[in-house]
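Labels A, B and C are assigned to the chains in the order they are written; within every chain, residues are numbered from 1.
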């Protein structure tokens, strides 16, 4: 015999307001937890920024006073500028190459079906889920075997291996939402396939491609491990930072880190504004 | 010109996929393959001798140090992955079912955190955990500590905490996606049929989000187990992981074959553990019937 | 006062979503055992009202009563009502049997009994043997039956159905309508059915509540609403209507006169009508006769020209341009079974209908 669920309203500790809101005595538990999680996430970043203005020589607590010395020192550091330049060059090259390789591939993967497509797709996206250590040293051994000298070129090659999946994923996602009927309409109205692509398809996916390139730029700019194993005599910014960290506590590192962070955020803001890039879902 | 290539529908996918596939083949698949080959060679006086042998593997498995490093790496990987999933799940849940308005903002914040320089972030953790760091400072302020002291630094737990911090965004996104894809009506149906919010979560929401949870877990497990920057900077001797040992082989020591053998030994252990896990699951299922 | 007791009562239900008013002080009673349809266009609030009954929405103002008990603050999982969702909302990770058993498991019904009840329900919805299938293996119609079984197995006081047949093709929809009626009769459970399809509402319901903009427009049996709509909206939403807008010219017995666009029309008087009052004369197309000669037995006689002939299978629809200043275009039906001669486009015809068939509605 089915019994009706207890016929009394719910206890006052758990109030039901609206469809599914759950509050323990009016305290939004989940929201507070999320706030705390985000604070934890940004803790190192906040530390960086706060300490970069700290006038204490040790670079950590206690907080002594406000100063911009560390920023000055960071700017004066001679090693940084060529390294920065190299980082930029590599990042731009990586972004461009990734776009050229990844975009056509994304088209093929989303529009054409053929045997082993899922397998191929899995393979092409695989580098992102592997430790960069593996990619870095396997490339190193490969180049050594072929007696190829390590240089910024080898670094770029390594970065592209890791970054192309980003482009693939981002453009594929955009194409999945893309209404192919628009291209058909263009061809119906007299455009050739190429014109349809140039006048209709490309403008529509361009923001996504640019967004993806910016994302890859930021990623490559930050990459350390693959660079570490494949670089020649030159240096990139992460490498410089690494050596500074190894040498010991260096307060200007905080300032440098804060600046790098600021730069990356800028790049990401631009990528986000273009609206074509969805990192989630 | 590239446009013309892309536009031709009848052009076989080979042309579009060709360049990328070729690239990946040359610079990803083959290097990993040659790396595997390296593990079977040896070194004599700074030169790699291409003589096929299993000496390196023997050395890895019989050494007093390396097996421990491998197990520690897997442990750190597993603990970090489990913690990440547990810590991140409520965040992802809140993003999907509560803070709809702030969702884009928070996702953007998560993305930003991904791109603040990796090395610098770990260095910042030193400022938090070391003597005179944030934790020390706060505890001294609360009179719970009487002097400069470091916490967790030079232990595997420092590695876990730092990796957890770094991988929060990586863990959030797959779980967020999985939760987002659950049809709302299905949750309403559970309520309608008599499931209170807790029941609905256990019986419907959680099972349906499992694919995302598993994806996040395996992703973070692999990345954590293979990390070497974090243990290098905050792990100390007790926190050393297999990644450090491998990196050393490629640094001063210059014994690449041994390093390669370490890498593939670790992969072997992971594969065996996974196989054991799957067999165990199958066995449990048979027992239940 | 109704003979049957009210099993659901909505008292002054208002629901707002920000600036949007979905329900506006709705008061409605649902009687035990009846098949009630909430009918209206998209956005009229019918689904919101249904969900308020289920507990999936909380009213901004007003109370909900189930069998005289105020359940407004009760969450959905405590209410003895169950819902069949538009897109079925089956649990994808559970088998058909587990889907149906879900509510029973929560109530800790013993396993043996669960199995028996699941089997019986599957038979009721003609899906015996599908216990081990998964939702993704089912077609739309099959999934709908399972959703129905899942809700009915809990023997709810009221079954709520949210446009359950909307995603099925026409033939399947007709079949399911008949099955739903049959199940309703067998079980005697009160059904509240939401639809925007007036055919469905007319076919299946004991009672229809026509809604618009969150309010009740008309509440009655299908026949009542069809024959005596209380507004132009109701007249046009249920069935087709020919409309003439005009003013009352004379109130008298047995007919009152309406002047519309230069035409003189006649309808039945009723108390409260005043000369000069704006009024709409509404006629159902099947009540209008179309012929080559005027019929002196009919009060309303108009002349016009056939503009369009539309073949509808069992009938022919004519679009006739009525003569007279600003004569409207009206649609008239002719049943083909009567074997009367067909009228061609361009021919002059006479339209006529009895004054009894004129419905006088507020503008």
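Here is the rule we use: a contact is a pair of C-beta atoms (placed from the backbone, for glycine too) under 8 Å apart; a residue touches a chain by one contact, two chains touch by 3 or more.
What you are looking at is a predicted structure, and each value in this text was computed from that prediction instead of being measured.
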So the chain most remote from subunit A by C-alpha centre is C
Higher C-beta contact count, B-C or A-B? A-B
When the centre of a chain is set as the mean of its C-alpha atoms, what distance in Å lies between subunit A and subunit C? 54
Take the average of all CA coordinates in subunit B, do the same for subunit C, and state the distance between these two points in whole angstrom. 57
Distance between the centres, which are taken as Cα means, of subunit B and subunit A, whole angstrom: 16
When you check subunit C against every other chain, which residues touch at least two of them? 56, 75, 77-78, 107, 154
Two or more other chains touching the same residue: where does that happen in subunit B? 188, 191, 194
Check each residue of subunit A and list the ones that touch at least two other chains. 5, 19
Would you pull the subunit A residues touching subunit B in the complex into a rising list? 5, 19-20, 22, 28, 30-31, 33-34, 37-38, 40-45, 47-48, 51, 58-62, 100-105, 107-109, 111-112, 114, 120, 123-124, 126-127, 129-135, 137-142, 144-145, 157-158, 160-161, 164, 168, 192-194, 196-198, 201-202, 218-219, 222, 224-225, 229, 237-238, 241-242, 245, 253-254, 256-257, 260-261, 264-265, 267-268, 272, 279-281
Which of the residues in subunit B come into contact with subunit C in the complex? 183, 185-186, 188-196, 199-200, 203-204, 207-208
Report the residues of subunit B in contact with subunit A in the complex, numbered from low to high. 2-9, 13, 15-17, 19-21, 23-24, 27-32, 34-35, 38, 87-88, 90-91, 93-95, 97-99, 106-113, 115-125, 127-128, 130, 132-134, 136-137, 165, 168-169, 173, 176-177, 180-181, 187-188, 191, 194, 197, 219, 222-223, 225-229, 233, 243, 246-247, 250, 256, 259-260, 263
For the subunit C and subunit B complex, residues of the former touching the latter: 54-56, 75-78, 81-83, 85-87, 89-93, 102-103, 106-107, 150-151, 154
